[in-house]
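Got some structures for you, see below.
Consider the two complexes below, in which subunit A is the common component and subunit B and subunit C are the respective partners.
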Partner chain A sequence: MTETRKAPGRGLKRLAILTALTLGTAYGLVFFWTPNEADQGFVQKIFYLHVPMAIVTLGGFILGGIFGFLQLRSGDRKWDLRSYVAIHLSLMLAVGTLITGSIWARASWGHWWVWDEPVLVSFLIVFLLYACYQPLRFSIEDADKQARYASVFAVVAGAFVPLNFAAVRLAQAYTHPRVLGGAQNSMPGSMQLTFLLAIIGMTLLYITLWKFEITSKTTRMQLASIKRRLDSDATGSPA
Partner chain B sequence: MFRNSIDLLRKDLLLEIRGRESVPAMVLLALSTLVVLHFALGQASLDGELASGALWITILFSATLGIGRLFVSESEDGGMDAVLLSPVDRTAILVAKVCALFTFLVAVQIVIVPAFALLLLGPHLAPALPKLAGILLLTDFAIATVGSLVGAIAVQSRIRDLLAPLLALPLLIPPLIAATHATAGILASGGPAGVPGRWPLIIALYALVFGLLGIALYDNVLDD
Partner chain C sequence: MPALPLDTAGRYVAAAYLVFMLILIIYVAIMASRLTRIQKDITVIDEMLKTRDEHAAKAPPLTPESAQQ
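Up next, the complex of A and B:
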């Protein structure tokens, strides 16, 4: 039965090497090639870490919602595992995004936290919601129920992400002028290219970690089931 | 389906009238919050943004209490099995729960809005009341659609009472942003100002989206 199944970790090594190369190149370019931004100087380079991380985090949350939807559709628990790992990883990246965002805000605006910036505020709200995912998941004991309710949460929260961004933006667009609006359009080519590479690198990192985590979890589950079979054989045969 | 919803709603309201579990607790929490806000802000009367914020914090806190209790009658004593065994569409259950929570919220606000006007509000309530009531009812509807979904999820968990507010608060931030902005103008010190159309629109759209999400997901939420 297990022989016919694909080995869970296939291609992981190649993926990891590709990720390391892309991220290495991207951040090499950040330090040695891209110009310092005229207004903010060197500190603006945190942009190449913060923004890709934020984009990948939100993408991961939405991916978790899509996997959750597939779990509800099919009732197959493998989708729940995928959804769980996607959200779990995104949560960790979200912490990184909030910290780097805060550092950037401090360096360029002089404050650790700026309520006028709708993206930052929306991100915090989304983070607070997803921080409940694990308490919810692990406070439901029955495995099928856990998969189902975690998936319902993933779908609701996944739909909430764009809604929340729209609402916060709408609420503030009228009261505060957008200072940074359209700033990215005026980036020189070298910055654009590096930024793109950083996004690709961050996405690859996310995929690699996701695949690694899935592999590790499935392998552990397979091992546990083999062990159980072995135990039942050992206790069952003498009798 | 409509008939079933009304029957289920009657059951919830009857339970509340006889048991008095949710609404009195919600009212008491709201009143305590008002007292705490008076001392925390150090002000005898509020208007504008501060008044709006105080009112919505109070409503939100009492709402989270109601959301946490919404499915208690189903989760205890096998009530859920009884509801699910009856030949009732799941959507009917959702509609009934949304209506029940909406009714509780309105009942609570009938008490606490006058109390708020009496205890904390600077400007007179009467001229502001029609617009305020409109925003309150609309936002109650949004809270009810979100709350019935959150309540159904949270009740399955061991830490139900903890999870309900933790899930509900972030999910309610978008309609709350719109509601506080709208109410700030209504409760301004110089008499109620007009409400820009975008705020009710945001609240209504949000309620609509969560209503649809609820209809789509309720088959999975109510299963035992």
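Up next, the complex of A and C:
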């Protein structure tokens, strides 16, 4: 009896369609339904892009840490691949978060960057921390060592992310717009709904890209394995 | 700081959303180049399989005598 393995790309098409629909609806609502914010005006529309991106970025880093932990516990390298892709995607979104945040800061505060703002600086620290992940990972040649060291990094850095977030919340920034959890700045229903949809859309986008990249990498590995087997068949040596 | 007029604010908002689009496009372009590499690998494997089939077709048929030898 042949064992049927689950294809890594299963459900990717449906997921991609759902992502496109959710993100499309969310940003449609941003521009055609939600009112302009009284204080910041039209510029506040950046919020629906910047904040979900930041939340998903930090969530992705934590996810990378969880996968890293599972790799260390089981020794299965599939968890390392999952951790690597999660962190790699989060890094990409982190660049977007920093740039869009900088644009929003310029429009709202008149400065591209404010060094005494804990939210901005702490996010930059997290970004710079994770910027070390790839050089560290690819400086190790041995595959098992690479997976182990990268997982340790992912776990330690992943634990740092919520701690850093909590520290910033406790610090109570004086300039950064406090839009979540603050009684003074509570959003009207239409804004809340749109924001929630934008977060769901961004999360779905992250999952879709993660699944897409995992599928691509797994396919390449499978092809390399088939090639090796064919090579060994041709030369008569074991693969 | 007072709210910016729509024409100025619009430029900042457009820039932010364009950055997001650009990141997605760059990512898709990178993934497309990887897909091309997968396609190349499949072509190589296809060639290898063809060569193997040709060798198998050229080899003399296996008889009980040859199998015993």
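The rule is simple: the second predicted complex is superposed on the first by the 212 of 239 C-alpha atoms of A that agree within 3 Å, B and C clash if a C-alpha of one lies under 4 Å from a C-alpha of the other, contacts with A are read in each partner's own complex, and residues count from 1 in each chain.
Following the convention adopted for this analysis, contacts are C-beta pairs under 8 Å (C-beta built on N, C-alpha and C of every residue); 3 or more make two chains touch, one makes a residue touch a chain.
Remember, it's a predicted structure, so these values are computed and weren't measured experimentally.
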item: Combined model on subunit A: subunit C and subunit B, fit or clash; value: fit
item: Subunit B versus subunit C as contact partner of A:Leu72, first or second or both or neither; value: first
item: Which superposed partner A:Leu49 touches (first subunit B, second subunit C, both, neither); value: second
item: From subunit A, separation angle of subunit B and subunit C (C-alpha centres, steps of 10 degrees); value: 120
item: Which superposed partner A:Ala107 touches (first subunit B, second subunit C, both, neither); value: second
item: Partner chain(s) touched by A:Tyr149 [first = subunit B, second = subunit C, both, neither]; value: first
item: More subunit A residues in contact - subunit B or subunit C; value: C
item: First (subunit B), second (subunit C), both or neither touched by A:Cys132; value: first
item: Which superposed partner A:Ser216 touches (first subunit B, second subunit C, both, neither); value: second
item: Gap in Å between nearest CA atoms once subunit C and subunit B share a frame through chain A; value: 25
item: Touching both subunit B and subunit C, residues of subunit A; value: none
item: For the subunit A and subunit B complex, residues of the former touching the latter; value: 72, 125-126, 128-129, 132, 135-136, 139-141, 145, 148-149, 151-153, 155-156, 159-160, 163-164, 167-168, 170-171, 174
item: Interface residues, subunit A side, partner subunit C - complex; value: 27, 39-43, 45-46, 49-50, 53, 92-93, 95-96, 99-100, 103-104, 106-110, 209, 212-213, 216, 219-220, 223-224, 226-227, 230-231, 233-234
item: Complex contacts: residues of subunit C adjacent to subunit A; value: 1, 3-4, 6, 8-10, 12-13, 15-17, 19-20, 23, 27, 31, 34-35, 37-38, 41-42, 44-45, 48-49, 51-52
item: In the complex, subunit B residues that touch subunit A; value: 149, 153-154, 156-159, 162-163, 166-167, 169-171, 173-175, 177-178, 181, 198, 202, 206, 209, 213, 217, 220-221, 223
